């Protein structure tokens, strides 16, 4: 078992986490809509870990290509390639589509066999490469969707969480939120992970407001109030003392 | 049949229960969202039982590992390991996943056969070990999900409840609430169990308020009004005279 | 065909029923959520019948055990055992689970064959035993759930209603309400039975208010307005002149 | 083709129907919730036809027994038996369950074969018996439910409507409304029938108000506004000049 | 390809259509609830075309019988029979039920084979008979419902639209709207057709208001605001400058 | 990888895109209801590209015929035929229905085999023909609907997106929005594409307001506020400084 806390270093966030950070070795869920900054938040977590806390990171991408992420993050002034060269960050691309139809003349090979083991192997490979302390899987949605039965899906997620524990890393799983309203159905992942952070958007006085919420963080006396956040030129910034609604 | 009442000892709760507590030998449902303090509430029930009422407890966990629970509960000053050493508490880990894929090279063994009997055996084993008077099963959701047919699910839950009665213990079943709104569909477990306590969160004047409600408690003249509660450094505390909405 | 009316005797209720009561020989549905007092209401109907109107009653329980009901009802001062000894009340336990897994080492015997006939036999047996005039079936939900096809379910309920008529008793079927909102889907049972009483709970000025409503009562000029009710030390009490909403 | 209009004679209703009534030979749908007075409305239509307009009526019941209807309608002072004796009214009981399980020891015979033809034969038999001009089928729901496929259901209803036309009678089909809200899904029957009358209940200033609405009546310039109605000692009475909402 | 515009001639409508009308050769969808005047609107379109613009019309009916439509339209003073005699209008009855059960002793012949080709043949036959420039299909719903798979349904509708183009007529497809609320799911037909007109009803200050809206009209700078309309003795009348909500 | 940004040139839009435009080489989703101007927006993007930025464009149409689009766009003064003649624009018609039933006497050939490869071939053919820098696929809905399984659908879309990247063009995929409310379910395409623009309509003070929103644009510090837009004689115009709600 791992002791202590991993400061996120993201402006405003650790204040909501009892001034401490994410409990070391825990796996937390980052859930948000399109354009909510989930990837920015996760990269920021790894970037700060590598540059300020001497903790290497693994970014397992199941969707976006590493080259795109590198390019997109430059707008925040984060030179990921440099971190990679210094062995402080590694991208593991387990995007399940490999065979391009137009190259082979074939419809994609069914990737039904891409499942738990491949994902775990990818994570372990990354952790070993840079001796990582922080891991991100982005997004977890395409992994869980492959288990059509809900019970199987829960078991697969539990197995993944159990093996993530053994890496001794602190982990973030990115999840795609389907609904846009305040009232919604909880996703089963919210119960299985040890922490849940929500990145959402609501209307207030005719404007959209980005809303950050630590819904759950086992082992910590959190501030679970919804708080405004922004995606600025410096990345995600949360305002831990501001109120979202008047 | 068991007579009398089991005081929960949790601040503010027994006041809502006719100043008495949970009817002895009854099984009640604790239903709440992620981060609502369900596990804290249940552990608090066992901890107070063991330390103030000389009643030993069994904690049957189908999800979180005992080590994590021990660690997380330290923030409230509850030394569970000490209770375990004194035979006043026992953790029974019936988490259905045993075989780690990365160790064996195999996808998990389907746990479809893990069902009623194994759960009952686990409970009985725990009750016998510490001569328990209080039992918690956390969460019941993963147990009921395994019965895809609703009628089978109801029968399985009824059987479980019937056998729980024979232990002469007072029992809490933890249930994961899916919806987040005030209006919702009742879950069938709410009808089968002898008591239902809801731990929810609602917006009030722009802030989230934690809301405790005794929805049902057979054999008791309860206060069923929604009441605010907090998760503080001392655990769950309910304010039985406060109103949630103005 | 039976003539006349059966006064419920429950404080405030008969006033909503044209000062008369339930039409004799009719079968009515009592539908409510968990903790709404459905069982209390039904037992109260039988208790008043036995003690004030010299009408014996049958309580067919498909869920709770008679022992529990006897115990729980003592809080209202109702000594059901005494009525049973005087042959003014009889409990018929047709709870479909008989074989306890832990005793036999077997998973429960599927009770698919438990259906209409067994339920009818149980009712008739009870009626005969105490020469009953009032019958309660609690809850009907587990009976109807066994018919997965909606048309079959309607036919089964119609057959049950038809045979209940032949007993010449006045009958109450207890139904579990799923939704918690004011707007809801009507259940098919509401159309098939001759009367419907709803026991619900709504928020008013920040407090939960229990709301009693006679939705339908064939052959009677009812007051169908929602009226507040309470579950006090004397059982259910309805306030037939009070308004629920301002 | 039939010319002219059939006055309903029900207080307030014909005023909404261009002071005329239901177009002669048309089939209209009466849709309402439990306790909304659908049966009362339909019987009133037949009673007034028989006693004031010298038009005999057929009441085809698929649910309630004629004896119950006769008894229940006495509270309005309507002596249906007398009309039957005078050959001005006939009840046709096509309730699909005939074999009582408790008598034969058998589970009911599936009534899947009970369908269109039997219903049509029943109607024609009734029309012939009393030389009827008005026909009621109560309720149509159990008939349409037997066609699980929506297209088949639509065809069955169309066939029924087509044959009803040939009787030259003016017809009412009673339909059970599932939802309780103002916003709802239209039922396909509303498109197929030539007129639709809705009997609903809404909250206004804390009280339930019964609301009558002619949603559609082909060939007539109707008043389609929602109007209050009551079920009094004289039957249904609509207030065609009153507004439901302030 | 056809050039120009077909004025609807219906009071107030062309004003919303850039003072022009429906683009010639286009197929538009008229979607509304029961009693919303869909058929009246479509007949009015044909009637004005025949009497004021010398454009003959075809009315393909899949539901109502021509005799009924002729009769119902007389209330607006529209003598359709006269137009038919002058070869300015023709009814094509492709109602899929032909065999009356009571005549043949048989349940209806499944009309699964009634599909695209028969509908197209019917339309072409009508167009040829009166050299039509305007075509109405009422309703399209029963046609699309026969394709249970959504993709097949879309293809069938596309094929129909493609063939309708070849007739060089301007076409209206009548569609039955299921929901009654302002917020709703768009139907796939709204995307496939070149124009969409909605006929709906909403509550305003306690009264139902009929609301006309041109949701879409390819090739035209439309006024897409909701506008009140009435069904008066002269047919449909839209108030293109009035606002529906205050 | 492509560097830089592609200005949309559409009035008001680039201001929301950090004064830059769409990141070059990205694929973005344009999602809107019927009549929301999706096609106008996409054509405008190609037209401005061809006439002001010397970038040729490909318009892949899966629904509307090129002739219709040419005609409809003339109302904005856009002479597409001229652009086609100058090899600055090409229409690729991959509308999956080719065989007209009425010509061949056959029901359409199932187009199940029309899938990814054919769509990619069509796109590449167009790009090659005019050496295109901008590509539009309108609509993507009929393509994704052909994959009934959600995981397959996601894979197909990912493959399409991957191959679109290789064209080095900047791409717009048109998507049909089903719901009309502010709160809705996100579509999976919103997560897979690199940008999302929503074209919606809401009620404000009794009038419909067209609302433009850049929900997401990877690699850009966007203004994600909802902004009013109009479809005027010059095409789409967005008001990037105006607020939609007061």
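A, B, C, D, E and F label the chains in the order they appear, each numbered from 1.
In this section, contacts are C-beta pairs under 8 Å (C-beta built on N, C-alpha and C of every residue); 3 or more make two chains touch, one makes a residue touch a chain.
Just so you know, these numbers come straight off a predicted model, no measurement behind them.
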When you check each chain against chain D and chain F, which touch both of them? E
With chain centres set to the mean of the C-alpha atoms, which chain is at the far end from chain A? D
Roughly how far is chain D from chain E, centre to centre by C-alpha average, rounded to an integer in Å? 30
Quick one: report the Å distance separating chain B from chain F, using the average Cα coordinate of each chain. 52
Residues of chain F touching 2+ other chains? none
Which of line, ring, star, complete or other matches the graph of chains that touch? ring
Could you list all chains around the ring, opening with chain A and heading toward chain B first? A, B, C, D, E, F
Along chain B, where are the residues that touch chain C in the complex? 1, 115-117, 120-121, 124, 150-151, 154-156, 158-159, 162-163, 166, 182-186, 188, 190-192, 194, 196, 215-222, 224-226, 243-246
Under the touch definition given earlier, write down the residues of chain A that touch chain F in their complex. 33-35, 63-64, 67-68, 71-72, 75, 95-97, 100-102, 105, 107-108, 111, 139, 141-142, 145-146, 176-181, 201, 203, 205-208, 231-233
